[in-house]
Every structure is written in C-alpha cells, then in structure tokens.
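So that you can tell them apart, the chains are marked A, B, C, D and E in the order they are listed, and the count of residues begins at 1 in each.
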Amino acid sequence: MQNLWIIPALPLLGFLVNGIFGRKMPKLMVSLTAVLSVVLSFAYVLFVLSSAKSLDQPAVEHYFTWIQSGAFNVGFDYQVDKLTAIMLLVVTGIGSLIHIYSTGYMAHEEGYWRFFAYLNLFMFFMLNLVLAANYLLVFVGWEGVGLCSYLLIGFYFTKKSATDAGNKAFIVNRIGDFGVALAMFLIFITFKSLDFHKVFALAPGKPVATLTAIALLLLVGAAGKSAQLPLYVWLPDAMEGPTPVSALIHAATMVTAGVYLCARSSVIFVHSPAAMDTVAMVGLATAVFAAVIGLAQNDIKKVFAYSTVSQLGYMFLGVGVGAFSAGVWHLVTHAFFKALLFLGAGSVIHACHGEQDMRQMGGLRKYAPVTFATLGCASLAIAGFPFTSGFYSKDAILVAAHAHAPWMFWVAVFTAGMTAFYVWRAYFMTFFGKYRGHGHPHESPVSMTGPLVILAALSLAGGFLFNVPEILGKMFQVEAEGAEAATLTYISVAFGLAGIGLAYFLYVVNSALPDKIASSLGGLYTLVYNKFFVDELYDVTVVQPTVNGSRTLLWRGIEHYVIDGVVRGVGANALNIGGVLKHLQSGNIRSYATWVVIGGAVLLILMGVGGFAFAGGVR
Amino acid sequence: MEIFFFLLFAIVALACALNVVLQKHPISSALSLVGVMVSLAVLYLMLGAEFIAMAQVVVYAGAVMVLFIFVIMLLNAGAETRKGGSITAQVLGIPALLAFFAALVFLITTYYPGLSPVKFGDFTGGGAREIGMKLFSSYLLPFEVTSVLILIAIVGAIVLARKELD
Amino acid sequence: MDLNALVHGVPVSWYLVLSAMLFAIGAAGFVLRRNIITVFMCIELMLNAVNLTFIAFSHELKSVHGHIFTFFVMVVAAAEAAVGLAIILTVFKNRSTLNIDEVSTLKN
Amino acid sequence: MPDFITPYLIATLVKTAVLAGALMTTLAYLQWIERKVIAHVQVRMGPSRVGPHGLMQPLADVIKLITKEGVIPADVNVFFYVLAPFLAVFMSLISISVIPFGPPVTVFGYTTNLSLADPNVGILFVLAISSMGVYGVALAGWSSNNKYSLLGGLRSSAQMISYELPMSLAIAAPLLMAGSLSLREIVNSQGGYSFGVLPKWAIFSGPFPQFFSFIIFMISAFAETNRVPFDLPEAENELVAGFHTEYSSMKFASFFMSEYSNMVTICCITTVLFLGGWHPLWPAALGSNFVAPALFALAGALCFLHGLNPARPLDRFTLPVFGLVFFGLAGVFLVPIVVTMFMPVFWFVAKTGFLLFVFIWIRATLPRFRYDQLMSFAWKFLFPVALLNLLLTALMVSLVQ
Amino acid sequence: MNLNLLIAIPALGFLAALFLPKSAARLLALVTTIATFVLSLGLVASYDMAKAGLQFASDVVWIPNPEIHWHVAVDGLSLWLIVLSAFLGPVAVLTSWKAIADRAPQFYAFLLLLEAGLIGVFVAQDLFVYYLFWEIVLVPICLIIGMWGGERRVYASTKFFLYTNAGSVLMLAAIIFLYNKVGSFDYVTVLSALQTGRVHLTGYEETLLFLGFFAAMAIKVPIFPFHTWLPDAYAEAPAGGSVLLAAVMGKMGTYGLVRFCLPMFPNAVRENAGWIVVLAIIGIIYGALVAMVQPNFKRLIAYSSVSHLGFVVLGIFSCTRIGLDGAVYQMVAHGVTTGALFVLASFLFERRASHNISDFGGICKIAPWFTTIFLIASLASIGLPLLNNFVGEFLILQGAAQANFTWAVFASIGVILSACYMLWMVQRVFLGETNDGLAGRFPDLNMREWACLVPLAVLMVWMGVYTQTFLPAIGASNSQILEKMNVPLRVSNPVSGGSVHAR
C-alpha cells in the first residue's frame, strides 16, 4: 500500500489553502504553497516509483466504495503501472517547472492567488485522472480538468473574449465527455464493471461490434479532450488564458489525456481494427489540417496552438497504427519541447510587454539571448532535427505508420516538413531581423529563464534519456514495429531540414517574399489565415440555430402558444360555452312553454320508439 | 246507448276546448272551459267515477273557474289584440300540433288496442266510500302534504293579492 | 276495432284519444296564446285531459287509485290556480298588461 | 211499441210532468204567499185586487213580465247578457230532480221511487249544482256593462261561494250520521222513533243531535239564495238592483224564478237532511195520519169563520169556497189508499212549507247585513262553528260505533 | 422515533406563528424548523439502513367505516426526502429573513404548514392520508405565491392551483376506485391485495388507474407537456417559498410515481414506459433549450429543474435497479442544488430587486465569495463529478442505457445543454465588466447568508463524494419495489431498436 492518494492530495491541499486564505496571504506565501505542493508531489512520485517492486502488473489500492447500487459497484481506487508512472512523471515534473515559471510570469497580475489555486486544482484532477483504476474515476478527473481549463482560460474574467473562450472550451469538452459517458455505459452493460483490470481481462471475449462501438465512443471523448479534428476549435481560443496555462494545460498535460485514455484502453482498441483505422485517420487528418492553418498564423501563441493540435494528430496516428508506445513516447517528448515553446513564447510576450503579434516582433536575439537559445533547442526538437527528442519519437511513429500503410508515411512526413517550416518561420520572425515593435524588450527574470533552460536540456536529451518504447515494451501486446528502416529516417530528416531551409530563405534572406506569395495565393491564403472559417461554420450551423431556434420556436412558439395556449384555451372556452347556454334563459315565457312542449313531445316519441315494454304495457 | 252519450259529450268537450283556444275574449274561453269541465264530469260518471265527477264540478267548475271569471272581470282587460302572431308560429305550430297529436293517437292505438269496452255499470269503485277509505289509509301522507300545499297556496294568494298597506 | 263491439260500450282507447286531443289543444293554446289568463286556462285544460286518462285507466284496471290521483291533481290544480291568479293580479297591477311577451324582464 | 219505451221511461216522464207542473205553480204562488205574509206581518193587506185575495196576482205578474219588451242596453256583451239568466234558471231548476218526496210507490205494478233520479252521490250533486249557480249571477253582473251591476254580481257570487263552505260542512255532519250520500238512504236512516215518540230525525236523534248544523245550514241557505239578511247585492238602496238592474221582462222574471226555485230546493234538502224527509212527526200508530186531515179541516174552518164577517165584501163568497176546498182535502186524506200513497208526501210538503214560511218570515223581520259583516260572519263565525260541529259529530259517531 | 412528532412540530409552529408579531414569528419559525431538522437527523440515526421494509410505522384506525388508517411510516425511499424538506426548512426561513416585510407572521406560518404538509406526504402510507396531505400542501404554497409573489403572482398561483388540482382530482378518482375494489384505503393492504392477486385488476382497469395516478404526478413533477405552470409559479414565488416549492414539491410527483405507480400497476408501467420516457427525454432537451433563452433568472432555473426532473422520470421508468436508485438519489440531489440556486436567486433579488439577467453583470469583481458559491451550485446542477447531481444523473443514464441505449444517448444530450445554459448564465451574470447599476449596492455575503449556503455547499460535496451514506437505504427499498415488479427481461420501447442487453 503506497497510499498513492497523497500525490493528488498535496495539490488539493494547496488549492484549499490558496483558495480559502489566498486573498489575505502575501504573494510570496501563495506562490510558496502552490509550488511546494506540486514539487512535494513530484518528489513523492519519484519515491513511489523507486520503491515500487515491478510496475508490470498494476497495483490497485482501494480507499472507499464510491457508488454502490445493485450490480453497479465503483470504488475510489488508484493504481500505478508503467504507463501511469510515465504520465505521473510528466505531469508532476513539467507541472512544477511551470509553477516556478508562472511565479515570475504572473508576478504583477491581480488575482494572483486565484491563478495558483486553480492551477493546483488542475494538478489534483490531472493526477486523479492518471492514477484512477476505473473508468468512472478517470471520468471524474476528465471533467475536473475540463472545469479547471474553463476557470484558467477565463482567468481574465473581465474580458468577454476570455470568458467566451472558457465557455467554448468547457462545452466542447462536455461534448467529448458525452462520448466517454456513453462508452462507460456500454462498458458496464457488456462487462458488468468499470474497473480496468476486470474490463481488460474480459475484453477479448466480447463481440467485436461492441468493442468497436466502445472504442469509437472513447475516440469521441479523446477527440474532444485532445482537440482532434471535429472538436479542436476550443484549443486555439484557449490561448486567451495566461501563457503558463497554455503551456501546462494546452500543451503538456490535459490535451494528452485523450492519448493516455486510448493508450490505457489499448486492449479494446486492439480488438477493433476498424476503430484503430479511424483513430489513425483522424490523427493524420488533424495533423495535416492543423499544420496547414499553422502556416499562415501571425499570433505566436496561435502558431504553437495549431502545432500542438498537429503533434497530437501525430500521437493519435501512432496509437491508430498500433504503435502505442511510440505514441506515448511522442507524448512525453512533445510535453518537453511544446512546454518549452509556450514558456519561451511567454517570455517573448513578457519581453515585448504583452505583444503577441509576430509582425510586431523581430531581432529579439539581441534582447533575450537565453530565450533565443532555449527556443532554438525546442524548434530543433519539434522539427525532428537528428538526435533531438522529437526526432526519435516522431521517427518511431513514421516508421510504424509506414509499416501500417505507406501512403500514411508520406503524408506524415510531408506534414513533418510543414511543421518544421512554420516553427522555424515563427523562430525567424521573432528573433531575426530588426525589432519592429515599439518600446524596448528586455530579458525575463531568472525564475522564468531557469525552467526554460531545464526544459531545453530535456527536449534535446529527452529522446534517448527516456526510451519509452523499451520501458513500455511488454504492456502493449502488439506486433513488433518492423525493421528499423534507415532510409525512412533519412527521408524524414531531409524533409525537416528542407522545411528549416525554406523558412530561413523566406523570412531571413528576403523577408518581403512571403507577403508577395501570400498576395499571389490570394483567396487560398485568406482561407488558410481565417482557419478555414471553421469557427464561423460551427457558429452558423450549431450555435445560432439552437439559441434562436429555441427562443423563437420553442419558448415563444411551442411553450407560449401551443401548450400554454391549450391551458388558457380551456379557461376561455368554458366562458363561451356558458355564453351559448345563456340564450336559453331568454325571459320570454312563451319560449319556455315551447321548450316544455318540445321536451314532452320528444319524451313521448322516445317512449313510443322505446316501446312501452319498459312500462310493462297493460296486458 | 253509451256510445251516443260518449260521442255527445266528447264532441261538446272538444268544441269547448277549441273554443277556449280560439276565442279572443278570456271570458268566453273561461266559460267554454267550464263547458269542457262539465262534459268531462259527465264522462267521468260514465266511467264510474261518481265522486270524482261531482268533485270535478264542485272544485273545478264551481270554484276554480269562478276564480278565473272573477279575475277576468276584475281586470276587465278586454279582448286580446290580435297582434300579428309570427307567421312561422302559425305555419309551424299547426302541423307540429297535428304531428304531436298523431303521435299520441298512434301510440295509444298501437299499444292499447284491445281495451275492454266501457259499460256504464261496470265499475262501481268510484264511490265516496272507496275513495275515502283509500284516501285515509294508504294515501294518507299525500293527503296531508296536499293539505299543507293548499294552506301555502292560500297564504301565498292572500299575500300577493292584498293591497299594500302603505 | 270492429264496429259491432261498439254496441255494448266504447273501448277505453277512445277516451284516451279524446284526452290526447284535449291535451294537444291545451298544449297548442299554452304555446300560442298571448294572454296570460288564457295560457293559464290551457294549463287547466291539459290537467283535465290528464285526469280523464287517469279515470279511463282506473276504469280499465278496475282500481280506485286513478281516482285518488285525479283527486290530488284537482287539489294541486286548485292551489296552482289560486296562486297563479294572485300573481296575474299583481302583474297586472304593476304592468297593467296581460300580454305574456311584455312580461319578460327576466331577459338576460 | 218500439223496445226503448220501457215502463221506466213512462214513469219518469209522468214524474217529470207532475214535478214540473207542481214546481212552476208553487214558484208563482210562493211569490204571492210571500207578499201576503210580509204584508200581514206589516199589518197591511197585501195583493188583493187581482182575483180573490190577490190569488190571480202571480198570473198577472207573469203575463206582465212576458209581454214587456226585453230591452238590451247598448254595448253590452250580448251573448253573455242573454246566457246569464238562462244559466241561473237552469242551475236552480236541476237540483229539484234528486229530492225524494216519498218512499218508493208501486203504480200499476211498477214501483218507482218518488224522485226523478236517485244517484247515490245525491247530496254531492246538489252541492255541485248549487256551486254552478254562481255563474248566472256573476255573468249577469258582468255582462250588463254597468258598474253597479258588476259590483253587485261580484258581491253576490263572493257571498254565495263563501257560504257554500259552511253549508257543505253543515251537510257533512248529518251525512256522518246517515252514513250514505244518497238522499233516499239519508231519509230512510231517519225513520223510526226513539223512546217511542221522539222521531229519529237528524236534529233529534243519533249520537249527536244535529241541531247546530241545522241552524248553520239554514243561515247559509239564506245566503245561498240571496235571501233577506243576505240579499245585499240586489238591495235597492245599496246597488240599485244589483246584478239584474239592466235586465227587463222575461230575463228579469227568470232571475226571480231562479231565486224562488233555489229557495224551494234548499227547503226540500233541509227537510230531507234534518227533518226526516217524509217521516211523520210521531209514529203512524199514534195517529200521525190524522194530522193531515185535521189541518185541512182546521183551515177550512178558519175560512168559514173569516167568511162570516168578511173584511171585504167580496170575501163573503171567496172564503167559504176556500173553506169547502179545505174540507174536501181533509176528506180525501182520510181515504186509506191515499194515506198510504200521499201521507209521506204530505209530511214532506208540510215540513218544506213550514221552512218556506220561516224564510218569508225572516225576510219580513230581519234587517240586512252590511257586506263586510256578512263576509266576516261567514268566515270568522259560521265556518269554525260548522267545523267544530263536524268534529263533534264525527267524534260521537265513532264513539258510538 | 415517532413520525407524527415530525409532522406535529411544524403544524404547531404554524398555529403559534399566526398569532405572534413579526420578529417573534420569524424566530419561532426558525426554531421550529431547526427542531424538525434535528428530529429528522435523529430519525436517520435510528433508521436501520439495511432493512428494506417500512420503519417507525404508526398505524391507527382513524375513520372506521370507510376504513382509513392514520398509517405513517418511513422507508428508504422517503427517508432522505424527509430529511431534505426538514433541512430546507431553516434555509427557507433564513432566506426570507429580510425579504418578507408585510404580513410576515402569516408567511412564516404558511411556510411551517407547507413543511408539515410536505413531511406528511412523504410519510403517509394510507392513500387517503396521502391525498389529504397532497391537498394540504397546495394551500399554503398558493397563498405564499399569491400574496407575497412577484407582479404576476395571482395569475401564477391560480394557474398553479387549478392545474395541480385538475390532476389530483383524477388521482382521487383512482384512489376511490381502488377503495371500492379492495375495501380499504390503507396502502399496505391495497398493495398486498394487488400483489397477492386477491384483487385482480383487468388490463384496462390497471391502465386507467395508472393514468389517473400518472396524471396527478405528471403535473406535479412536471413532465413535459404539463409543465407550463412551473415557470410562472417558480418565478413569482417569494424567497423562502420558492426554495421549498422548487426543491421539494417537485419531488412529491416523482416520489408518488415510485411509491404508488410502480408497485401497484407494474404491467401498466411497463406498457406505458415507452411513451413516458419519450416525454421525459423531450422534457430534458426541451427544458434545457428553453432555459437557455430565458431573460429571467428564476425562470431559467425553473426550466432547468424541468430538465433535471426529466432525468428523474427517465430513471424511474427505465425500471432498472440502477436507474431507480439514480432517480431517487437525483431527487434529493436536485432538491439540494435547486434549493441552493433559488436561495442565491433570492439573495440576488434582495440586492437588486430584479430577476432579469441583463440587470446583473460582473458580480465576481465586487462579490467574489457570492460568485464562488454560485459557481459551485451551478457546477453541481450541471452535474460535475464529485458533486451531487453527477452521481444521480450517471446512475439514471446507466440504468436508462441498460433499459434501452438510445434513451441514454438522447438523454445525455441534455447533460451537454445543461452545461451550455448554466455557463452562459454565469458568464452574463457574474463575469465580465461590473454592471453600472450594481456598482455601490452589491455587498458580499453576510453571516445570515453564509449560514444558509455553507450547509448546502457542504451537502453538495458530501452527496457527490461520500454517496454511501445515502445509497444503501435507497437501494434497499428500491430492490424491494423492483422485485415485486418482477421486471421482465426487456422493456418494449417504440423509439428505436438500439443494442439492448439483459439486466
């Protein structure tokens, strides 16, 4: 019993302390409790992993039965195995780095304590999600992180755009959660339990159709959470939140939850090839689509947001083609360099006093050398420069994709090239050329540059430092990834370098060229720049109809006129029925007389027709 | 023999009844009503209801009709002006009346075809003795109730008819 | 209804037919006439027609009940006549008209 | 002879003829008697011009009334104006038919009772007819389009109706004693004598002697016939001539005729109900049969006595003639078969005659009631007493049985 | 622990409060309601969670010849509802502490009578007594709405009264029909007669009886087409009244369905489950959609409770153990959440006498604690895990999925929509720039308001996390009901095939 509950408990404690007393505590105390709780949790994780005997078999710890109703029995229990371990390390590690970074970044923001409280709450839910031993607890974490992302995106609540983005994020996540919930219902119906070890044990025996259905629903959930194609719209808007939030939540941890879930329920996915293909296809499509949009973005955070979506596409591609460990590996490495990219961008924005538009930046290498250097490492890693962490993980995915379906490899490699191009485009636009903005940028304080340096080291060395596939080797009983085709790696590296070269040529050598190309492409460029109008499309097809439809049709129309109309109608009719009968009492005696006689006649005729039988007749 | 009397008095009764309805002046209709009542009294006699016949004459002809005549005389309202009764009433009324009457006749003839003929002496149950016995034995309650009714009627009539003692 | 049977008595149904006729005439008068008193008299006429039916049936059934009922009808008719005429008197006093149509203040 | 001429028919025809003749003459001469009696009561002569002692006076009146011109005043309701007197007479004449003048008598082997018809609801029939009498008066008053006559007509009909109630209650009492409605039964029930000499008449015999109801009946009889104490309607000083002011000649005569026939009928009914009809005062064994001849003889003697010293010259001849007539009658009544046949009728006529005399006597003496006294007397005094009497009789009758 | 005491105390309070001056009546109301709550806690303490049958029964023959027993008892089903109404008593009194100014004694008296009636409804085990309390409850709430409500209060209260009465009359007819059939009003005898087959109801009779009961309950719950009285009644109800009305009176309908319809007419329930569930699902989605566009704050919460109660009906008519447990749990959970929302609504009204959302905005800046509590309450009503509604909704949907998967799919859409309208409302009311009207006059929560809200918040979290305090009792009684219903393998449903599995 390694009472794993302490890991999430610490951030929860941090949240409670900051949440309740934060207002009155000095900033230092607030940041201290926040950072300390996460760092301690990281330390405890290391302690747990070191003391654990073998993480092959998940050691489930049961604390108390949460919901017990008839056959439905869900306990509040945690487990840890290799996959959880990796995720724990990533979450707590990068989490603590970002906490340190944000003490600097958020130094002179009002509502300082509120930020750290929400951050700690996020850590609690993320850890809960990762450590959970049954689907329901995962779902708790799942929605919890959704809530925290809503709170953090909407941190600057006075700005309507921020609160709109927060709502949008929460609702789109909710649509994802809809998928996960339905998956859980199906799981319980088929497996009579939601615990991982029971479900995965019985999975092989179940009919493929059900498993596919479950897998697809899980995919919907994952797509919602990890911003895959149909439900990715909330991530770019999530940039409204402070940068550390984007780094932590929308790069390193939360968005990876989808991949983690697929990896966790790999047994189900494996047994439903159709689901695997759809995951791959979705991943690939998102990768390509996000990369293309990324090309034309001018806001530095938007560029990195779309690159996250694209890299997540890669991870889903890895999972889809069966290379679960490759996918997870890319997840880990991506966490390192993408966190670095965002934090770098944060410090760039910090340097330019909140300016986010790259066209207003340039030539920052002179003003922020450390950021320039660390951001360089990150760009190299993401572009897949040989021997950097990105190269290893992306290459593993590309090889697996090739083994699965060659055309996938070529599309993936081409997107890799595009990735390299737009990252380096951003790199060159910010650091090369002369400073186009007003004011004078300055280097960020050491509390921000420190984590940058650590992350730079990780993103460079992360590849061979954490060789995830051989750690996770035995977990996913999936066919070996085929021979290490050297030629494929050369091709991918070639594409990467070509991307960097092109970016260098366009943005450093003659910076006027991109504008000319943009104007020549005309319609295509505006289309890409406006993100293929996807947001507007959603707005017109889904949001407006529901809101206006329900206002005019449902509320005014059905509710008011139809149902209420019926109710009011009943009342009104009672009146005019009375009106009709009124005429009978005309006050004219002769009309009464006539009615009497008519009544008598009718009665008589009835008796006649009815026969005097009932009168017994005389005889 | 009986048929002669029956026809005689039936025709008298019908004539007087029509007269009641058709006459313009209420006095004449009142008197024709007296005629109807007396002829009915005779018919009752033929049906063996002596007490009722005499009662009919005493009560109806003797008292009620006198009341009517009193009122008509006192009010002296004169003949009813023949204000153009709505044509439809006429057009509709008469056939409706005939239809109503035809329905009655039809019902009677179909359901009471074989009724026994009426002979004068057949049924002698109508005497005062039988009625008295019956009245004060099985029909005592209705008798008492009607007596109360009459009391009420009298009081009512007096209250209504007397001049305001202003 | 064979005629030779008529020799020794008239079937009761004739009496019923007579009372039907009287009733019909009474009803017609009741409906058509305008003068309250005449209407009143028609009611009396209808009551008499009913009495005749009672008596005819009591003869037919050889029971005295019909008579008693007629007796009660008479009593009630007398009471009704008394009260009715009193009302007519007051109506005439207040409205100085006996035309039934003008006495319709109960109109809604 | 056609089969429908049965002895019954012949007997009835004979009886009707006799009765009609007798009634008409009595009506006429009753008028005469009344004027004579009132005159003598007021110590004056009365009609004596026309015929001996005015005997021909009624004939003269009749001729006068018939020959006079029947004036019909303008805008009078002609039909009813003419109908009224007819109704009055018709109603008053009918009720005489049910009165039993004597026990059943056999003539030529066919026994008939001495009354035109003998319905077993006799008394009710009389009551009915008397209540119908009102119409004549009411209509007369109304149709003659004269305010006084209208008021007179209304008043007299109101009076007749209100007195009808005490009368019927007074009648009900002896009926209880007699136990039947048929007049003949009533008279038979009054036959016989208690304590040997006292006749079982209604006013003497039975569990509760009907003296009071006799008095009540007499009083209401006066009212019914609009006789003196109650003749307010046609009293001269009050309403000119009441309901028959507008009438003349024959119609006027018919009213008079109806008044007198009513009087006769009421007296007959009184004798039937209370005075034992045709039963003699004391049992025949004690010589009740001789009363008739004795009376006639007494009358004859009186005539002769007055004939001797006549007040008027002509009386010397007429009175002895009357005396002879009376003595003849006395002799006839001594003949046994006449006795068996006519003695009961004699007794009946005697009693009725006495009552008529009382009527005339009262008319001569009593003053007239005022209208409200008249009405309140009926409702406030007479009616309750009649009720009380009826209750007592009923009580006694039920106790005795 | 005598249940009659539980009814008697508020009733006596009612009588006493009528004659006291304003502040004394208010104090008395508070003391009585707290006493009742403590008593109900005592009831819970001495309640044997494992036992399924009726407990603390006190059965006295009240009227001999139309055999009516004063039979009150409590079981798993009604236990938590009693505690809920007892718990909300003091909350209601505290919320209307300053809100009710004129004729306050009468208001507090009616509030106590309302509470007595509510507890009575949940403990009554005799059909007649049940109906009696059913009507008693109606009077005070209509008076409260009618006398102290908003501007269109008279319209709202009459409509509410007539609507509910129309339904309850049908139920009365059904009760009387049952009486004629079985010979007694006592529910236990009626139930055993029906179940042991001593009294046999033909299919037609059973359906009619079921519809009779269902009509009254459907209007009370309310279920989709019969809900038009709800927004008016909830929006016009004054402070404390709306809390009790929204939180507990809705449950009378669902409680009635579970207590009477399910056990007494199992076949009719199974036959009609199809269209009723369809109505419930329409209610869920329709309620959510209409809630989204409401300009009035209270109306929005009213429609949200239509949507949430739609879930409860779905749970009940899924006829599965989990669905039923979820439904009963959701009743209590919804009571707490909507109660909290209405408490907060009345506080908002107290501060800025209007319910229109457009009048508010940016409260977070000037009253952060108010916003936090409101956020917790709205998150609970959305059904966020670790808060109370999630457990109920999840169990209901799980049960519905078991009965018929398509039901669960459509119902879950409701979950998404609930997030939409709630968050949109929170954004418009609390976030963004501070509305100029509120600048000076929006104090944060004072002690009294904290006293109302903290217990509610704690209960929300407690019911979300530690469900095992509540579920066993509910589970015990539900299992008993379902066993008797011996639900067949599959519930026939007209909506669509879907993959359906044995329970």
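Keep in mind that, in the parts below, a contact is a pair of C-beta atoms (placed from the backbone, for glycine too) under 8 Å apart; a residue touches a chain by one contact, two chains touch by 3 or more.
Because the structure is predicted, anything quoted here is derived from the model rather than measured.
With steps allowed only between chains in touch, the distance from chain B over to chain E comes to 2.
Common neighbours of chain B and chain D under the contact rule above are absent.
In the absence of chain B, the touching network of the other chains comes apart as A, C, E | D. Averaging Cα coordinates per chain and for the whole protein, the chain whose average falls nearest the overall one is E. Chain pairs B-C and A-E differ in how many C-beta pairs they share in contact, with the greater number at B-C.
With centres computed as the average of Cα coordinates, no chain lies farther from chain A than D. Work out the mean CA point of chain A and of chain D, and you get 130 Å between them.
The distance from the centre of chain A to the centre of chain E, each centre being the mean of the chain's C-alpha atoms, comes to 35 Å. Centroids built from CA atoms put chain B at 101 Å from chain A. Mean C-alpha positions place chain A and chain C at a centre distance of 96 Å.
In chain E, no residue reaches two or more other chains under the touch definition. Taken residue by residue, chain D touches two or more other chains at no position, since every residue touches fewer. Counting partners per residue, chain A has 597, 618 as the residues that reach two or more other chains. Screening every pair of chains for touch gives A-B, A-C, A-E, B-C, B-D. Of all residues in chain A, only 23, 64-72, 136, 139-140, 143-144, 147, 150, 154, 157-158, 160, 163-164, 166-167, 170-171, 174-175, 177-178, 181-182, 184-186, 188-190, 209-210, 213, 546-547, 549-551, 554-555, 558-559, 563-564, 567 touch chain E in the complex they form.
If you check the complex, the residues on chain A that touch chain C are 582-583, 585-590, 593-594, 597, 600, 618. Chain E meets chain A in the complex at residues 159, 163, 225, 227-229, 286, 289-290, 292-294, 321-322, 325-326, 362, 364-365, 368, 379, 384-386, 390-391, 394-395, 397-398, 401-402, 405, 408-409, 412-413, 415-416, 419-420, 423-424, 427, 430-433, 465-468, 471-472, 475, 479, 499, 501. On the side of chain D, the complex with chain B involves touching residues 77, 79-80, 83, 119-121, 124-125, 127-129, 131-132, 134-135, 138-139, 141-142, 150, 153-154, 157-158, 161, 164, 181.
Against chain D, in their complex, chain B makes its touches with residues 27-28, 31, 34, 38, 41, 50-51, 53-55, 57-58, 61-63, 66, 69-70, 73-74, 127-128.
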